[in-house]
Structure formats: C-alpha cells, structure tokens
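Shared chain: chain A. Partners: chain B in the first complex, chain C in the second.
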Partner chain A sequence: MTHILREMWLLGRSRSAIWALLLLAVCASASVALGLASVARDRAVIDRMLAGQVAEEAALAAFVEDAGSGAYYGFQPTWDPPSDLAFAALGSRDIAPAVLRVRALALEGQIYENESSNPELALPGRFDLAFVAVYVAPLVLIALLHDLWSGEREAGRYHALAALPRARRRLWTSRVAVRLAGVLVALLLPFGIGALMAGTAPLRALGFAGLITLVCLLWTAIVLVVARLGVRSAVNAASLAAVWFALTLVAPAGVNLAINAGVPVPDGAALARENREYVHAGWDRPRDRTMRDFLKVYPQHEAGSAIPPTFHWKWYFAFQHLGDLHVAEQSQAYRDGIARRAEMGRIAGWVLPPAGLAQAMSAMAGTDVTAQLDYQMRIRAYHQRLREFYYDYLFSEKPFGPQELARVPRFDPAIGG
Partner chain B sequence: MSQVFTIAGAELRLMLRSRLAIVGVATLLLLSAIAAVTSATQMAAAAKMRAEAQIATDQQFKSQPDRHPHRMVHYGTYALRPVGPLAAFDPGVDAFTGTVVFLEGHRQNSATFGAARESSDLVRFGQLTPAFVLQTLAPLLLVFLGFASVARERERGSLRALAAHGATAWAILSGKALALCAAAALAMAPAFAALGWAAIQQPAEAGIALLTALSYSGYLLIWVLVITAVSALAASAQGALVTLIAIWAVVVVLVPRAAAAWAGVAEPLPSRVDTEFAIAADLRRIGDSHNPNDPHFAEFKAKLLQKYGVGKVEDLPFNYRGVLAQEGERLTSQLFKDYAARAGAIQLAQSDRLTALGLISPALAVRRASMVGAATDLRTHLAFLETAEAYRYNMVQKLNALQATAVSGADDSARSKDPIAERRTRISADFWKEVPDFRFDAPTASRRAAGMIPSLAVLALWIALALALMMIASRRLERNGA
Partner chain C sequence: MTHPVLSIDQLVVERGGRRIVDGLSLTLEAGEIYALLGGNGAGKSTTLFAILGFLERSGGTLTVGGQDPAGQLDAVRAQIAYLPENVALYDHLTARENVDYLLKVADCPRSRADVEAAFGSVGLAANAWDMRAGRFSKGMRQKTAIALAMLRDTPLLLLDEPTSGLDPAAAADFHKLLETLAARGVAVLMVTHDLLGAADTADRIGLIAGGRIASEWFAQPGEPRFDLNALHSGFARVR
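Coming up: the complex of A and B.
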C-alpha cells in the first residue's frame, strides 16, 4: 500500500503527467456531455415528429375519402431510438437518419432518404467517448509510461532502484498500476456519470467499461514492451507514437480502401432509377397483367381484384408494389454489399485491435452500420404491415374514413412490423 | 546567410544517415503515392458513373411515351452532383452528402446515396487522400524529423561549439528550419504532383491548384517553425517530442472533432421532418389545394374568372386544372425555397464557427481552404441543391403549363371515369424533349479563390505567430549562452 501511495505522490509532483491526465479527463467529460446532448437531440427529433404527426393526421382526416387516398397521403413515422449506450459511442448516427416517414407507395423510392445535416460536421468524425478512449487515451498512456525504465536510467538512478529487493513488485508494478489507474479514472468517471444520467442498464454499462479497460490494457502492454526494449526515452516515444499512428490511423484507412475496392456495392442510384422506371411504366402496362402479377404475391385478394377500365387505387398500389419486387434482388445485393463491407471491417478488427475495439463499442451501443441496416429492415417490415392493412380495405372495398385512419398500424421501434 | 545553409546542410546529412528518418520519409512518400493514385481512380470512376447516370436519366425522361403531363410531374427526374474539379486531390464532403436528388412535383427530396453510408465502421476519420496525407500525416512526420534538431545539439553540448564558430542563435534555428523545410517539400511532392496532374488536365483550375499548394506550403511552414522553436525551448529532446506530439494530437485530431461537435450543438439544425411539418402547417394556413373551401384558392379562382369575364372554370380559354397545379406548385416551392435558405444559413453559420476555430487549429483553416478550392465544401453542395430545386421548379411548371394548354379541361375532368377522355389527355411524347437537361457547374475559380481568402488569412496569422515563437526561442538560446 505504501508503494502505491508513494507512486501517487510522485505522479502528483509531475506537472506534465498531471496535465496529460487532466486533458484526458476534460476530453472524456466533454465527449460524454456532447454525446448526451446529441442523444437528447435525437430523442427530441423523434418526440417532435410523434407530436406533429397528430396535426398531420387530423388534416388528413378532414379530406380522406377512401382507403386509396388514406394510403396515398398518409405518411407514417418510423424511428430508430438511441440506445442507452449511444451517448458513449455515437457511431454513424450522425450520417444515418434517426427518423423516416413512409407511406404505402413503392418503398425503394423512400427508404434511402437522408437527414438534412451539415456534411462538414460529419467529415472529421464524432467526438464521443469511444473516440477519446481509442485515439486520445493511448497517447496519454504513451506520455506517462514510455520512459518508465529509460527515464530512471537517464537520471542515473536505474541501477540503484533495480538493486532494491523486490524492485519489480515494489516499484515498477505499482508505478504502472498507479498511472494506468489514473487514465482509467479519467475515462470511466465521466462515463459512469453519463451512464447514470442516460439510465444505462448496469450490465451493459459494465460491458462498455470493460471495453474501455481493454483498450487501456492493450496500450499499456504495447507501451511496456517498447519501454522495456528501448534504451533512450526519446526513441521510445517516437517508436510508440509511430505504432499508435500506424494502428489507429494509417492501417484502418488503408484497410478501408482495400475493403471498398474489394467488395463492390451496386450503384444505389441505378437501383432507385430502375424502381421508378418499373413503377411508372405501370401506367402503360396492360392492367390485367399487373393484377395477375400482384395476385401471385397476394392470392388472398383474388376475390376483390376486379378493376374498372379507369383509374383505381388497387391497381395503382399493385404496380407500386411490383416496382419494389422488380428491384428486390438489386436492393438485397445493395444491402448485402454494405453488410459484407461491415463484416470485413470486423474481421480486420481482429488484426487491428484498436479498430476492433472501437467497432465493438459502436456495436454494443447499437450505432454501427449493422444497426443502421437493422433499422432499414424494421422499416421494411413495418411498410409491409402498412401496405397490407390498406390492401384489405382496397380489395374488399370496405368503406374507409377518419375512423379507419385511426386504426392504421403504428411503427414499433423494437420490432418494426 | 551562408552559415544558415551550412547548418541546414549538416542537419540534412544527419537526417540522411538516420534510419528512422529515412523509413519515415519513405513511408510517407509511399502512403502519399497510394493516396494520390487510389483517390484519382476512385474519383474518376465516380465522375464517370455520375456523368453517365445524368445522361441516362435525361434520356429516359425524353423517351417517355405519350402521357398526361401530370404523369411526368410524378415521373420526375434525377439530378446528380458532379464530382468537383479537384476532388481527386481533396474529396472533401463528397462522401458525406448524398449525390443524387430525385426531382418531382409537390415534394422536395433529400440527396441520397453517399459513400459514407456504404462503408464499413472502420474509419470515419481519415479517408486516405492526398489532402489527408498533407493535413494529418505530414505534420507528424515533420515532428519526428525535427523534434531533436536543436535539443540534440544542446544535450551533446555542441551548441556552444556552433556559437564559438560565430553562429548566432537565429542562424542556428533558421538553418534547422530550412533543413526541415526541405524535408517538408519532399513530403509534399507526391500530393503536389497529383494537384499538378489535375491542373494539367483542367487548365482552368491551374490558379486554384497553385493557391491550394500555397496554403498547404504555408500550413507545413507553420509546423516547421513551431517544431524548431519547441526543439529549442524544451529542456530535453524527449520533452520536445512529447510536447510536439501533444500539440499535433490537439491541433490535428482533437480540435477539428470537438469543433464540429460544438458547432452542431451551438447552431441546432431542424430535422427534415421538422421542416416537412412546418411546410405542411404553413400550406394549411396560406392555401390548401385539398380543401374545396380554401380561401386562397377560392380567391385565386374568382380572380381568374373575373379576368376572363366568365362564370365558371369550364368556360376559361385554358384547362383550369393545369393553372391550379401551377399555383399550388408556386406556393409549395416558395416554402421549399424559404426553408432551404434557412437551413442553409444555419449550416453555413456552423461552418463559419469552424473557420473561426482555425485560430486555434491551423488544420481547420487549411482543410477549409483546400475544400473550398476543390469545390468539395458545404457551400458547393448547397449551391447544387439550390440549382436542383430551381431545375425541379421549372420542369414542373413547364409540365403544368402543358396541362393548362395542351390538355382540354373537359377531358381532364372526365379522365378518371371515361377511358376515351383519358386517352385524349395523353399528349405527345415530343413535349418531353423540350425540357432542358440538368446541369450544375461548380462555383467559378475566381469565386472559389475569394472563398479561400479567410482561411488563407488565418494561415498567414499562424505563420506570423510561429515566427514570433521562433524569435522567442532564438532570444532564449542567445541569452542562455547557447
């Protein structure tokens, strides 16, 4: 215990060490505060949408005359609520929309819409706790530990210290433990406060704290290996900075280039255009062919499928859906391509542990690419439920008015459909 | 002066003998070359794909069959944002914005399909591009090459020997800085070659390319001066290195991210749904075409009837539905324009905060100058959205005018019940050929050059500050008897 207290006293006397730890603590606190603010903003966007939806539906109720006009004009909200850990690892929530309103028309023309946001703010990446833990904390560990042995050697004290009985345990171990603990406190204290404010489930918070600890342990190990092998403090610091630089910046950027080149993603714009072509050609395609194709998918609506020679909503919504089916394979390939890239990124994470741990953080927080694709699948499931609700009215020609409008299925963020 | 060159020469010879320095420079040159080549191929592929898609979508529009003009309003078309002229050097925000906008009647869609949403979770910071190499990697290499330049001499006691040979502190520092400048010039070479290559292919961009090269040279000069000064001021080489890495981390990594997060919180931007709801509420207030008793449209109709001296819309000399559609589109488009202008102003205010924070981090200033020059910045994207919206409005109104003049009002009102009348409302496919193709030109070179001025001014200020720091270091060195 006295060794620990002595090392704490020594750490307290080093101005540069205190500055480094303070900077880390400030960064961690700021990142938690900004993360909480960003999550609160997402929640507020969702709440405003759900509140505003009431007025939209009241306006629609005033002129809705049949199921077709309800389906055509009735946009329904879907949303992707931030998880209780999102504040610590914002992932790609800044570039993927948190809310999307859809209607029963062809979904491929709706699902890729983007949130309005300033791309110059997305460009440098998010300032969240995951960033502070993966990018900044290692640099502080390098600053605190790179001259563990060489520093004493350069001060001429090394041999005297090493000759002390049980030097390893009394001196070096407690010194490393105290400095590592300082870094962990600077990161985990703000995280703990943030988790309390966000109401994070204790086990999940513990898991995330475990990932942060793992990052710090990993870098402590790397620093100690280099510090042990190296002779001069300046050379140690330079080598460690180079290792950090290669592992966190250069290698992930290079691997990302390779993944994007190696795993092609079909052109999304071409997919959207193809969907529009098929949908709009529906106006000129023989009507019975449209209805026949549609009934292959929805045979249960056979009985009510007769259409007049003029416009009818059931025909209109039939060719809308056929437009989606026409590009279903392309759409699947587009999603698969992105999922495959994410998968390759995760595999690369095993070779590049800092990148791997950063991805594990956003995966645990439900803010990674996989989570964005999941949200899209929930939108698809909901869209199907919404369409089928209207098909029932359209094909049975049951009356549809404001009362039925209130029975439209609602999106459930947990399951979508 | 010759002393300065002698000292610089000695320092360079030392660098050439250091394995660490050679490996560092070689790595940077390699990365820089990879970045230049991959970025050029990627952007060329993107440029080709978007240009071809624009031609294809314009062709598709023109080759639609005979139709009711309102069908074409909903068929719509696409606007693709062309790749900026120097995007291969600095793709800027290209990956972070959608690149395609669907243009149709009644609605304003967002730009969709950007590269960032199609990538793995691996990197958000640092696509490997020539601009990234110069902004982020090159300064760190210079830190490695230069941190010990003066500190080493002091630790070995050779500063006194230099002073004994009559070298002033300023000459020593200038010589060291000059040697580091030479290394910086070498480090910049592949990226500048990429810039030069782009300028050769597009001679109109030569001036901008030169200005961009100038801003990066200024940026790296700041680093050279600061590194030399810190090396002279620090108590030891180790202290100099740790300080410089800390400065690098704060200036290049920390501040740009924190600044972006802060700007987003300080200037909140309404969401797309917020805007859609606000526009819908405004429309219900000023003119709701769904409401048969809407005062705005009732007045519009009354005025029209009065102007033509007729009692009912069927007697008007044109198809009232087309004119009604025009009036509806006029109202919604005005709102789209107003709200887009408001959102654009907020985004520009956010970006202005980043420019102001260039006073803390020259990395922000050089990034800004580079993106503005390459026409891959926010302002260019907003200009693209504005051009697309103007095009959308003109296309829709042209089609609405066709509905008013080329489709008979009687057929138009009977078309949902009478298939024969419906057939007659389909007008000739030749009309679609009159709609012009979409075209967006990046801001002119002179406008972009003007846009670079604030960032260049910030960089100039930083050079002055760095020079002052070096003077302080020189004076300290002189006083402490080297």
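Coming up: the complex of A and C.
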C-alpha cells in the first residue's frame, strides 16, 4: 500500500499526467452526461407518444364504425425502451428508431421507412462512454505508460532506480498499477454516477465496468510489451500510435468493408419501395386473384371472404397483406444478412479485441444491431397479432365500435405481441 | 564469520558473445575506497553492472556482504548505493522530495531532520533543499545522491565516473565526501578515468585491462600517497 501511495504522490506531481487524466475524466463525464440526456430524450419521446395515444384513441372512437376504418386509422404505438446501460453505450440507438407507430396495413414499408430517417446523426458518430473507453482511454494509457522504462533511461535514472532492492515490485508494478488505476477511476467514476442515476442493476453495472477494465488491461498489456521492447520513448510512442490506429480504426474499418462486401444485404429503402409499389398495384390487380392468394394464407376466413364489386376493407387489407408476402423473402434476406454481418463482426472481435469489446459493450447495453433486429421482430410479432385481430372482425363481419377498439392488442416492449 | 563487503574472484562477464570481464578478482573491506581505472571498454562499468545484478556472470564468484547477487539479488541490492555517471533526479521534484521518494522506493523512509542533516553533511546549501532538481548543477545532483546514499546507510557505495564533468573545486568537495563516508565504514568502489582524483582519495587503485586487474597500487602514508609517475605509465600502458 505504501508503494501505491508513493506512486500516487509521484503521479500527482506530474502536471502532464494529471492533465491527461483530467481530460479523460472530462471526456468520460461528458459522454455519460450526453448518454443520460440521449436516454432521457428517448424516454420522453416514448412517454409523449403513449400520452398522445389516449387522446388519439378517444378521437378514433368518435368516428370508427367498422373494423376496417379502425384498422386503417388506428395507429398503435411500439417502442424500444432504452436499457439501464444504454446511457453508457448508445450503439445504434441514435440512428435506429426507438418508437414506431404501426397500423394493420402492410408492415415492411412502415418498418423500413424509418430506417434512414436521420442519417445526418450518423456522420459525427456517437460520443458515449464506450467510445471514450475504446478510443480515448488507450491514448491516455499510451501517454502515461509508453515511456515507463525508456523515460527513466533517457533521463538517466533507470539504472539508479533498478539498482534499488525489489524495484520490480516496489517501483514498476506500483507505477503501472497507479497509472492504470488513474485511468480506470477517470472512466469508472463517471460511469458509476451515471449508473446510479440510470438505476442500473448492480450486476449489470459491474459487468459493464468489467468490460471497461478489460479494455484498459488489454491496452496496458500492449503498451507494456512495446515499452519493454522499445528503447526510445519517441519510438515507443510512434509505434503505439500506429498500433492504436491499426487496431481501433484501420483494421475494424477494413473488416467492416470486407464483411459488407462478403455479405450482401438488400437495401432496406428499396425493400420498402418494393412493398409500397406492390401494395399500390393491388388496386389494379384482379380482385378475385387477390382474395384467392390471401385465402391461401388464411383459409379459415374463406366463409366470410365474399366481397361486393365496390371497395371493401377485406379486399383492401388482403392486398396490403400480400404486399408483405411479396417482399417476405427479401425482408428475411435483409434480416439474415444483417444478423450474419453482426455475427461475423463478433467473430472478428476475437481477432480485434478492442472492436470485440466495443461490440460487447453495445450488446450488454442492448443497443447493438442484434437488439435493433430484436425490436423489429417484436414489432412484427405485434403487428401479426394486430392485423389478425382485425381480420377476425372483418371476415366474420362482427360489429366493431368503441368497445372493440378498446380491446385492440397492445404492444408489450418485452415480447412484442 | 565476517564477510568482506565485496568479494570478487575470477569474475567472467560476457556481453554479445564477447568476454568483457575476464578473471577479475577484487576484495573490498569496510571503510576502504577502491578506484578502478581503465580505458574505454576495459570492463569497469560492466563490473559494476555485474555487482548490481544487471548482468549475469558466466564464471567466477561474486558476493556482497557474503551474499551472491545470482541468488539473493534483492538482499545484495539492499546493501548497495549506486551513483551512475550522470546522477539524474526527478526534475519536477525538489531535492527533499527526490530523496524522500527514493528512500521510500528503497523502503527506508527517514525523518525530515535526518534528510536535512544529510543535506548538511554533503554540503548542499539550505536554499537548494526545496529547489526543483531541474535547476541543479551536476555537483548539486551528486551531493543529493550522496545524501541519499548516506541516508540509506548501505555498506557499499558504487560510483561510475563520479567526477566527470565536475569542476576541480566540486571534484575536490566530492572526494572529501567520499572520505567522510569511508570514515563511517562505507566501502567505496569507483570506476573512473580521473587518475589524479583517484590518487587523492583512494586507498587502492586497480588498473583494469583485458577484463582483469592488470596492476594494483596501495596508498602510502604521507604525501604523495601514490607514485604518480608509476600510475601514469601504468595507465598509459593499458589505455
């Protein structure tokens, strides 16, 4: 303990080291504050949407006379509440929708029309704690440790220090431990405060703190290997900057490019357009063909499938449904492709530990692509329930009014349907 | 049984496949000052590094206070204070902070009064005690390091070219300090090019050549303590 206190004192006397740690602490605090604000914004959007839903349903009840108009005009809210760790790793939450109001119409277009709603947000990138831990903290560790031995050698103190008894344990180990601890405190203190404010479950908070610690330990090991092998501080610093650049920027970007090239994924916007076009073409398609194709999927509605020669909601919702079936394969290929890319990214994470740990943080926070796909699947499950609720009324021609409107299935963010 | 402070017998040290020290033998008793003279690459600093355990020996025996650095490195280092050619301190710390810090690293903290007494003994001016070491001259750094050695109270002091770069007055002060330490029972082994300085201070002078001590002189009572002509010609032969 004495040795740790002694090295803490020495670190405290180094102005540059203190500035580096303060800068890291400020970055970490800012990232946590921005993360908490982003999560609060998401929650406010969800709350506002749910509060508005009550008024909207009251308005709807005033004019809905049949199941068709209820299904057509009735938007139902779905939402993906941020997890208790989302503030620390925003992942794709800043570009993926956290809420989606759906109707019993064709779904695919509704899902993907949100996909590129805010692409400009993706330009500056996220500034969350995971970013600070993965990109900024290694630079501070490099600054603090790259000249651990070479700095003493260049200053002419190395041999005098190494000649002291038990210098390895008393000096170098304590010095590394104190500098690493300084970086961890700069990261984990703001995180701990953020976790308290977000009400994060203690075990999950510990798990996330463990990932941050792993990132720092990994970089400490890398820096120490280079610092041990290297002779001159400038060479060590340049080598480590190159390693940082390669491991955190170049290699992940290269792997990402390779994965994207190797796993082609249909364009989500094109999927939505195809869905819409097919649905619109439904107006001109022979009505009996539309109904026949629909009844292949829902033979139980055969008895009530007769439609008049004029407009009828049964026919309208049938060609909406067929619009989804028309792009079902493409939609599945899209999801499979995204999932496959995510899986390959995870595998690449074992070779590129910094990228792997960043992915693990997003996965733990429930903000990665997999979580985004899960939300889509929950929307699909809910939408299926919603449209089948209305089909039941439409094809059995049961009366539908405000009382039935109140029985419309509700979205459960945990399970979807 | 009392061991000599330093005992080296037929020491062999190789670096990069070359024998730098080749059969060097030397014994040093408490209170004795030994000057090891030799040309560049003669093996002087290599000998110091072998004593400190920075280099492994490939032959011979070496003990400090009866303990072998090969097996009891920390125990050996605990008995040694080492001053490299250029004493470097933490420039952003004061002399007092440097000494406090390094004493704590060596696990022998001393009181403020002890530190001040040591500074006083080595002749470091009081106004320098709380001055940042970055502003120190080489002589002031040497004094601070000697104060540290005194405070560590080790039986053996190893010095690598201690007077290089010091002006004659500072070098004379430094030699006086060594005599003070020797009078307190500290054994001093210094490697140096400074023949005159060695002749002023040392009890014995060894000329190292070919990795071993080629000739050795003992200080005589009275002045001059050494036959300077013999030293010069010996030194000229081995350089």
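In the analysis below, the second predicted complex is superposed on the first by the 404 of 417 C-alpha atoms of A that agree within 3 Å, B and C clash if a C-alpha of one lies under 4 Å from a C-alpha of the other, contacts with A are read in each partner's own complex, and residues count from 1 in each chain.
Definition applied: a residue touches a chain if its C-beta (ideal position, glycine included) is under 8 Å from a C-beta of that chain, and two chains touch if they have at least 3 such contacts.
Just so it is clear, the structure is predicted and the values come from calculations on it, not from any experiment.
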item	value
Clash or fit, chain B versus chain C on superposed chain A	fit
First (chain B), second (chain C), both or neither touched by A:V32	neither
Contacts of A:A96 with chain B and chain C, given as first, second, both or neither	first
Which of chain B and chain C A:R48 touches, first, second, both or neither	first
Partner chain(s) touched by A:T2 [first = chain B, second = chain C, both, neither]	second
Which of chain B and chain C A:L188 touches, first, second, both or neither	neither
Touching partner for A:A269 - first (chain B), second (chain C), both, neither	first
Chain B versus chain C as contact partner of A:G156, first or second or both or neither	second
Partner chain(s) touched by A:L171 [first = chain B, second = chain C, both, neither]	second
Contacts of A:S362 with chain B and chain C, given as first, second, both or neither	first
Chain B versus chain C, judged by how many residues of chain A each one touches	B
Smallest separation of CA atoms, chain C relative to chain B, angstrom	12
Chain C contact footprint on chain A (complex, rising order)	2-3, 6, 9-10, 13-15, 155-157, 159-167, 170-171
Chain B-facing residues of chain A, complex	16, 20, 23, 27, 30, 34, 37-38, 41, 45, 48-49, 52, 55-56, 59, 62-63, 77, 91-92, 95-99, 101, 109, 112-127, 131, 135-136, 139, 142-143, 147, 233-235, 237-238, 241-242, 245, 249-250, 252-257, 259-261, 265, 267-270, 272-273, 276-277, 280, 283-284, 309-311, 337-338, 341-346, 348-349, 355, 358-359, 362-363, 368-369, 372
Chain A contact footprint on chain B (complex, rising order)	20, 24, 31, 34, 38, 49, 53, 56-57, 60, 64-65, 67, 71, 74-76, 78, 80, 92-93, 96-100, 102, 109-128, 132, 136-137, 140, 144, 147-148, 236-239, 241-242, 245-246, 249, 253-254, 256-265, 268-277, 280-281, 284, 290-291, 343, 347, 350-351, 354, 371, 377-378, 381, 415-419, 422
Residues of chain C that touch chain A when the two form their complex	49, 52, 54, 74-75, 77-78, 80, 82-84, 86-93, 97, 101-102, 104-107, 145
